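Please go over the structures that come below.
One chain, chain A, links the two complexes that follow: it is found with chain B in the first and with chain C in the second.
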Partner chain A sequence: MELAISVIVGFMILGALYAIHARDILSAVIAGGIVGYSLVICFLLLKAPDLAIVQIVVETITLIIMVAVVLDSSRVEAYGKFDSRAWVTAGTAVLILLIFFWFLRLASAHLAPFGENTMRMADAYVNGAVDRTGSVNLVTGVIFDFRGYDTLGEATVLVTAVLGVLTILRLRGKKV
Partner chain B sequence: MTVYRLCFILFLTGLYGVITRRNLIKIAISLSVMEFSCFLFLALIGYRDGGVAPIVDMADPVKPYVDPLPQAMVLTAIVIGLATTAMLMAVIIRIYRKYGTFDIREIKNLRG
Partner chain C sequence: MKGMTVIVKKTTQLIAGIVFLYGIYIILHGHLTPGGGFAGGVILAGSFILLILAFGSDFMHLLKEEKGSTIYENLAILAFLLLALTGLLAGGKIFFANWLPHGTPGELVSAGFLPLYNIFVGIEVAASILTIFLALVIFKEEILK
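Let's turn to the complex of A and B:
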C-alpha cells in the first residue's frame, strides 16, 4: 500500500515539476491536472471514497476555469534572461526550502509511522455514530451533524467567492 | 515514512514554483499543488493498515474503519480550495485585461 502511494506521489511530483517548467502555459495547466487526478487515485487507495468523488469534480471545474482563462489570453511563458533578480529569487527559494527541511527533521520524530493511526480522537465519533447521527457514512455524519455550523460557514464562503468572482468580472475598470 | 517525505517534497515543489516563477498562471498552479499536498498529508495521517472505508456495515458494525475526522476536514478544505482558485483566476484575468501580460515583473514596472 505504501509503495503504491509512493509511486503515485512521485508521479505527482514529476507532473508538478513539468507544470512549473513548461514553455507553453496550456501544457502547464494540463500537467497541473496530472497532480489533481493522481490525488483522486491516492484518495481511493487510502479508503476515502467521499474525498475522491469531491476531488474529481473540483479538479475538473478548476481545469475548465484555467483552460478558459488561458484560451482567453496569452499562452506564451514569460522568459527573460537570468539576471541578478532571478539569482535573488532562486537563492531565496533554496534558503526557504532548507529551512522547511529542517522543520521536516524536527517534525518527523513525532509522526506516527504510516498506517498506525491510533484513533485516539476518532473513537468518540465512531462508536455509536449511526444511532446518534442517523447516517451510515461516518464522514457525512461528522460534516452534517457534529460539525454542522462549520459546513454552514463553508457554504457562506462558497457564496461569497461566487459573488466576488461575479463582481470582479463585471467591473468596468478605469481606462489606462 | 517514505510517503510522508514524498508528500513533503511535493509541498516544497509547489513552494519553489510560487517563489521562482514570474507567470501568474504558473503561480496559481503551484499554489494548488501546495494545497493538494496538504490534503494528501491529512488523508495519509488518517489511514491505518487493514482499514476499511468509513461507511458502517449494519450487519457487522465493528470493523477497523479508517479515521473519518481528517477526511471530513479535507472534504471542507477541497471545496474552499475551489472557491479560492476561482477567485484567483478572476483576479488574474482582470490583471491580464488591464496590463496585457501575465509577467509579474512587467506588471510591477507598469504601475503608477
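Let's turn to the complex of A and C:
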C-alpha cells in the first residue's frame, strides 16, 4: 500500500509542477485537478471514505468554477520581469524551506512509525465513541460530540468566507 | 446567464433529482455511514449548481435566489448554535452536551443530537457554497451589463 501511495504522490507532484510551468492557464487548472483527484485515491487507500466524499465533490465544483472563470477571462498568463526584487523573494523562500526541512528532520526522529496509532486520546476515542455518543460512524461521533467546538468553528469559517465573497463582489451601492 | 444545449438540459433533468436525493441520504445517514453534514451539503449545492449552469437564469431571478440562500445559511448556523446552547441549559450543563436519549446504535433515529447537528450543518454548507457560486455569476452579469 505504501508503494501505491508513493506512486500517487509522485503523480500529484508532477501535476503540481506542470500546473506551475504551463503557459496555458486552462491546462494549468486541469493539471491542478490531477492533484485533487489523486488525493481522493490516497484518502480511499488510507481508509478515510468521509474525507474522500468531501474531497471529490469539492474538487469537482471548484474545477467547474475555475474553468468557467478561465474561459470568461484570459487564457494567457501575464509574465513579470525577473529583477533584483524577485531574487530577494526567491532567496527568502528557499531559506525558509531549508529551515523548515531542518526542523522537520529533527522532529521526525521522535514521531511514531507511519500508520501506527500510539496516542492515548485516539485510543480512548476509537474504543469508547460508540458507547458514549451512540453513533456508529466514528467520525461523526468525534466531530460533533467530542470535538463540537471545532465543528462550530469550521461552520463559522464558512459563513465568514461567504461574507467576504459577498463584500468583495458587490458592485451595487459602490460608486465605480 | 444563458443555458446550454438540449443534450445537457435533458441529462440534467434526469440526474439533478437523483443527486439531490443522494445528498439528503448522505446527510440523514451521517451517523451511520461515511459522510455527514459537510459532504452531503456540498452534494446538495452541486445539484443546484448543475441546474443553474444547464438551464441558465435571468438576472432578477439570480438576485432572489442569492437572497434566499443567504437567509437559509445564517438561520442554519444560528439553529446549530442554539442546539449546542440547549446543552448548557439542560442535561449536564455543558456546551455541546448530548442530552437526548441515545437509542440503540445503528438505527436511523439514534445518537441523540448528532443527526440534528448533521442536518443543520448540511443546510449551512449547501447554502454557503450556493451563495458563493451565485455571487460569482451575479458579478459576471453586472460586469457584462
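We adopt the following convention: the second predicted complex is superposed on the first by the 163 of 176 C-alpha atoms of A that agree within 3 Å, B and C clash if a C-alpha of one lies under 4 Å from a C-alpha of the other, contacts with A are read in each partner's own complex, and residues count from 1 in each chain.
Throughout what follows, a residue touches a chain if its C-beta (ideal position, glycine included) is under 8 Å from a C-beta of that chain, and two chains touch if they have at least 3 such contacts.
From a predicted model like this one, the values you see are computed outputs, not experimental measurements.
Bringing the complexes onto one copy of chain A puts chain B beside chain C with no clash.
Residue contacts after overlaying the shared chain place A:149 against chain C, while chain B stays out of touching range. Once chain A of one complex is fitted onto chain A of the other, the partner contacts of A:134 are limited to chain C, with no touch recorded for chain B.
Once chain A of one complex is fitted onto chain A of the other, the partner contacts of A:161 extend to both chain B and chain C. Between chain B and chain C, more residues of chain A are touched by B.
In the superposed model, A:169 makes contact with both chain B and chain C. In the superposed pair of complexes, A:60 makes contact with chain C only, with no contact to chain B. When both complexes are overlaid on chain A, the residue A:108 reaches chain B alone and has no touch with chain C. Nearest C-alpha atoms belonging to chain B and chain C sit 7 Å apart in the superposition, given in whole angstrom. Overlap of the chain B and chain C interfaces on chain A comprises residues 49-50, 54, 58, 61, 65, 69, 72, 130, 136-137, 139, 141, 143, 151, 154, 158, 161-162, 165, 169, 171. Residues 1-17, 19-23, 25-26, 28-30, 32-33, 36, 39-40, 43-49, 51-56, 58, 61, 65-69, 71-72, 74-76, 78-87, 89-94, 96-98, 101-103, 105-106 of chain B are the ones touching chain A in the complex.
Contacts from chain C toward chain A in the complex involve residues 26, 30-36, 38-39, 42-43, 45-46, 49, 53, 70, 73-74, 77, 80-81, 84, 95-96, 98, 102-103, 105-106, 110-114, 117-118, 121, 124-125, 128-129, 131-133, 135-136, 138-140, 142-143.
Listed in rising order, the residues of chain A touching chain C in the complex are 49-50, 53-54, 57-58, 60-61, 64-65, 69, 72, 130, 133-137, 139-141, 143-145, 148-149, 151-152, 154-156, 158-159, 161-162, 165-166, 169, 171-172. Residue ranges on chain A touching chain B, taken from their complex, read 1-2, 5-6, 9-10, 12-13, 16-17, 19-20, 25, 28-29, 32, 35-36, 39, 42-43, 46-51, 54-55, 58, 61-62, 65-66, 69-70, 72-74, 77-78, 80, 85-86, 89-90, 92-93, 96-97, 100-101, 104, 108, 111-117, 119, 121-122, 125-126, 129-130, 136-139, 141-143, 147, 150-151, 154, 157-158, 160-162, 164-165, 168-169, 171, 173, 176.
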